[in-house]
Amino acid sequence: MTNHWVDLKNSDCILVMGSNAAANHPISMRWVMKAKENGGKLVSVDPRFTATSAKADVYAPLRSGTDIAFLGGMIKYILDNDKYFKEYVVEYTDAPFIVGDKYEFSDGLFSGYDKEKRAYDKAFWALKRDDKGVPERDPSLQNPRCVFQLLKKHYERYTPEKVSEITGTPVPDLMKVYETFAATGEKGKAGTIMYAMGWTQHTVGVQNVRVMSIIQLLLGNVGMAGGGVNALRGESNVQGATDAALLFHILPGYLPAPDVSVPTLADYNKKHTPKSGDPRSANWWQNRPKYVASLLKAYFGDAATPENEFGYAWLPKLDAGQNCSWLNLFDAMYNGKIKGFFAWGQNPACSSANANKVRAGLAKLDWMVNVNLFENETGSFWKAPGMDPKKIKTEVFMLPCAASVEKEGSITNSGRWAQWRYKAANAPGKAKPDGDIMFELMNKIKELYKKDKGKFPEPILNLKWDYADEKGHFDAHKVAKQVNGYFLKDITLKDPAGNDLNFKKGDLVPSFAFLQADGSTSCGSWIYCSSYTNAGNMMARRKKDDPTGLGLYPQWSWCWPVNRRILYNRASVDLNGQPWNPQKAVIKWAEGKWVGDVPDGPWPPMADKEKGRNPFIMKPDGFGASFGPGLNDGPFPEHYEPLECPVPKNAMSAQLVNPTIKIFAGEMDKHLTCDPRYPFVATTYRVTEHWQTGLMTRWQPWLVEAEPQNFVELSEELANMRGIKNGEMVKVSSARGEVSAVAIVTTRFRPFKLGEVTVHQIGLPWCFGWITPKDGGDSSNLLTPNVGDPNTMIPESKAFMVNVIKA
Amino acid sequence: MSEGYSILVDTSKCTACRGCQVACKEWNQLPGVPTKNVGSHENPQELSAATWKILRFSEGKQPEGQAFWHFFSEQCRHCVSPGCMEQSEKDEVLQDEKTGAVLFTPKTKDLKYEATRKACPYDIPRKDEKTGALVKCTMCFDRITNNMEPACVKTCPTDALEFGPREKILDAAKKRVAELKKNYPKAAALNADDVRVIYLVTDDPKTYWKFAAGK
Amino acid sequence: MGVTRREFLVISGAVGAGIGLSALGIDMGPTRAYADSVKMDKLKTAKQTTTICPYCAVGCGIICSSDAKTNQIFNTEGDPDSPINEGALCAKGAALYQTTGSNPNRVQKVLYRAPNSDKWQEKSWDWAIAEIAKRVKATRDKDFIEKNAKGQVVNRLESIAHVGSAALDNEECWPLQAVMRALGLVWIEHQARI
Amino acid sequence: MSDPKPQEAGASRILAEMERIKRETPSVTNIVEAFEGLLLERERIKGEIETPEPESALTTDPARLSKGIPAVGRAGFAIPTSRLKDVYYRLAPAMIKGFPGVRPKLEVLGRAFNDGSLDLEAAIKHLLADRQNQVEKIARAARVKPDIFSFVLGQIVRPFVEKEAERIGPSLSDLHWDKGYCPVCGSWPSLSLLKGKEGRRWLKCSFCSHEWTHLRTACPFCENEDLETMEYSYAEKREGERVEVCHKCKRYVLSLDMRDRLDQTTTAATSIGLIHLDIIAQDKGFVPGAVTDWNVLDK
């Protein structure tokens, strides 16, 4: 989230699309309802009429996988009707930038496409720059090659009629949504978006988010209270686990994972440190070398020296273009390339798309370590229905861990607030906190490598591993301090005003502005620097003052980066630093300084020609980007059909599906489009009573009583067609698998009219699994396809094709 | 007789989280029963000795074609003149003077089950097969006589349930109906003069639950 | 200028030092007797701790009460001071205590499933940690890739994979990724990817 | 029978609370009865005080408040001197009836007020300004023990102070205050109340009875937030009545969970029903954060 939960109350219009907040983030509705009480509008766009829709002022249905068409139509509406916030668009976004001559778009393809590689050469999309490297601009927005005009041209085709033919949304419903949301383009108004996996789990997942980001930039909603682009993250600490880089492609703090193209730290810094020729661009990532050196010092401590490039050589290097993400991981496992496996607090046998392939893969392992609170379908895969334990060699270590209230530490919510939690009780029986488990395991591994030399022992032996308290137990405070970072020697630095600041060896670093590239500071994750300082544990703060009245609560817990509660807040003020909306001022330039939220950098407003900085400080040029030349599938979002879709032709172009997706081709990687055997669109979702795969909630009797069994929701029309009565058992099948479910025949799903064609859609939850409850059914992820977004490789679990028949 | 208490159920604020249904079981120590999904999120489907409160889900199309999904947290209405009580000859069914709660005593095993159930305009009474007695919501009699709110009211996260002296609740109902009428002309407080559990609806009561406004 | 805490330390509620109930002529016998009886066998002492809900990422505050003697949680309730949820909780959050030791289904012992076996065996932590460490080392030493096909130095391990965990604390996620990277793993993924 | 007078409505609420306390905690019956007449009369007097015109209502300075400075402070309370004697004579019979231990001294005081040998106005000024030795000097001159004298003065000013706090309180409700002492007068709280559906904690001022919100999990007296060094105790089956202790500053506050008490409309006598918890805490060596009229126990 660029903003945060409480801030929803400040919104004039909340669009809930690609999420179902009332069911899955119930307490967020507290703030949504407050916005409504204050006169704000709630708009729900969803294939199914949900509990959120039931509370909305405006509801519009759309077929799964057609969000770009829907929102592309909104861009056209905004531009055609002059609903955009002109001053903001001209001054703060890339709309005036001139795009290079090689950029073209034709019939669904951007220029630079290589059919063999299924990839683009992004050099074709470069901006025109002057000799200093500063983008050329036309503030009048008239140049036909400026981003604004190209955007207009790109979405010219997205007429309401065309959009309706793709999405199945009746034109009047489309217009109602467009009018309601576009009204926030007025100066002083703010609209926001609440999205979740309904947008990301698509082969156009990133572009779904981008198309909305473009709308938010056009309407001047980014940086504003009650605005922003807000992902509702689904797990209590999925934000923190991402920040900590439990992902193949990054190191903590969103530093790119090293690959063979950067064998040395010098190479790494050269490649990954962006440059800007514009003195008015803050270009924050120019600080990257400081963050990397400090991270390496946190990893390897004293063993990291300038001479050995702080141990950079000890980090694993990916091959060029090697993608080790989820779907590839389980493909490798299925193909027998993975021998050992840690499933640490996760249940991929139910949560992964094409779960049958995952389950088959688990049987090919030599050993698995499963750390969890409850028995689950992953750790016990060998006794699942259809498995013959005698034929499965995989050894499984099931390690019982402590629950959230049985240990101490912080978690980071969707709004980036890192909140500390305390230990309330001991874990039952022999269960242990995860921290202790990993601490003991690594100690043992270090011991083995010390004793019998093994392969490349340096990173193991040199890993700084002093996170125990005096009793030998894992100590969360020690790690929290390491993540924040230390000064490693006495040092004198300057504050922004130029005054000397003296720091002692062992002091905690008060802000990432003080991190160094020479090894004199350590920091486990630069974005968490200032979370735990000499003044104490900022994440444990519980002070309730709210000076802006906007619900920022600056002294409640701590928020990354540097306790900034609303990102890009420099865009919430005009060139003179005065808020676009004085009633809801996030920051304000007054008497030579900023008041309000922590501003995006210390510089004065942009009107100061010398010291002012462009507002989007994380972008090399400093502007909000409608034109995204960095993504794999194009600089503008374009509608493509899901890999499995109900139509033989994309109504927009000759490209049926995203031309850059990776398609697996093994015997368990089937996918079928327009196949008469699988005629219906399907999507998956969650229910209030169960959480994710249900691993925790399926063991709780009252929650199971309320949602006891897998179900499929389908329209009355489809039920009639298939002779299915409400409450009957049905079989839902896809090219990959089959599940049994109870039919819920509902008016909340309606057939979609795509021009002359009628398309039916169904939906199922993915919270069940064979282990419990009895007769609960199995995971709907047995149906979903293992194809991912070309940028993130997040699987397309939200749009695929199935059949439904009476069981 | 004192004015007693009332519960206001504002369906316009309910998001169907089912906290009330779970809280009722928790406080009254009613077991979770094995259920089957029979084509609805409504589970369990029937009031019973183990279930005194059910969140009813009801959906359909408005005449203009727009979908609706109504949530209705069903329970005993604690009528001012209870139909069930008319079946009572001695003191099988009691109406508490102070609170207004309508209570089934163990002696209800002597009542005719079918007739008593029929006499209830809202189809609430159920028979406990083990003891033979009739059972239903007690308005959390043990809680309210100890100065505590009913368990369902206490748990509601969106303040859709409110408990208090009847006069105050009637007043709140009136005010809320007036407010809701601005956007929902059909907004109404169902049978407010006759029941102590007053439901606020924004649509035809039949579209919430077949017995929302009585048989 | 602010007020120092010290200035307020001198202030107390009643004016003056207060007067004893006995001095007023009130018999304290019955109350003391009741206090003694409570102390004898009815006194419970509890600790309050704040936590954050482990389910979705809204980050609702919860207050846990645990008995000082048994160290068991006996009550959880929404934290009224949290600006995020102001004390409200959904059905899952309200049932938090069912994830704790009160739930009989929690796994409480280390379990091991041997190759081709159809059952779990109970094991000790020491055994499990030692055995896992051995397997990690054996697999790593056997499959470690120092150079790729092109002869470039890569120093990575592709035969062990890790998934999880968005349910851990930040202070656990960070060392977990450090361990996995130190071992040379590149298959490191978690819930954010799906 | 209905009584239109607000002071009677207030008094009957206190009476109802006292009945509840006696019912729930019979052991404190004699203490409740000892204070009954006094508390009721104080409430009646408070009800009779005329509310000043709205324009004279105090406006609070948010900047001062944000620095932790109370809106009025004890010395800032306006006490109408002309009525003090009158108030004493209204309260004296109730005290004489309830507190046999100080009966003779009350008679001595009564005479001193009457013949003008004791400057009541000055005594109260010293009292509010915390000039203990001045108060003691006046007491000794009148041949009354200082603790009795202070107790009586406290009873006299209380109706005025509470009335004043009721008037000022609403202007503070939207302003941020995270201190453990009263934002109106700066006194420590005598009671912690959990209220509303969500159970926010309200602290009740031991002097002016103003209530303000405070963190559930922090010690009001020393701002300790270390959860390991605080705990609360209660009698089994009386979970809503607690004594919350801080091991860091060794102080305690009594606490009542009002969420489970629907018809509790006053807390004037509430802490009398919790004296058993005072005893338990004081026996363990904790001291009350604020001294009240009924928490000074035998050593």
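Letters A, B, C and D mark the chains as written, and numbering starts fresh at 1 in each.
By our rule, a residue touches a chain if its C-beta (ideal position, glycine included) is under 8 Å from a C-beta of that chain, and two chains touch if they have at least 3 such contacts.
Remember, predicted model here, so these are calculated numbers, not experimental data.
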Leader among chain pairs (count of C-beta contacts): A-C
Centroid spacing, where centroids are CA-atom means, of chain C and chain D in whole angstrom: 40
For chain B paired with chain D, centre-to-centre distance based on mean C-alpha positions, whole Å: 43
Centroid distance [mean C-alpha coordinates] between chain D and chain A, Å: 54
For chain C, residues that touch 2 or more chains besides their own: 47, 49-50, 81, 86, 88-91, 95
Shared-contact residues (touching 2 or more other chains) in chain A: 26-27, 30, 422, 542, 544, 546, 688-689, 702-703, 706
Residues of chain D whose C-beta touches two or more other chains: 197, 215, 217, 227
Topology of the chain contact graph, where touching chains are joined (line, ring, star, complete, other): complete
Residues on chain D engaged by chain A in the complex (per definition of touch): 66, 176, 178, 215, 217-218, 225, 227
Touching residues on chain C, where the partner in the complex is chain B: 88-91, 94-95
Residues of chain D touching chain B in the complex: 197, 259-264
Complex interface listing, chain B residues touching chain A: 13, 15-18, 21-22, 25-26, 31-41, 43-44, 59-61, 66-71, 157-158
Residues of chain A that touch chain B when the two form their complex: 22, 26-27, 29-30, 33, 49-51, 53-55, 59, 687-689, 701-711, 725-728, 742-748, 750, 775
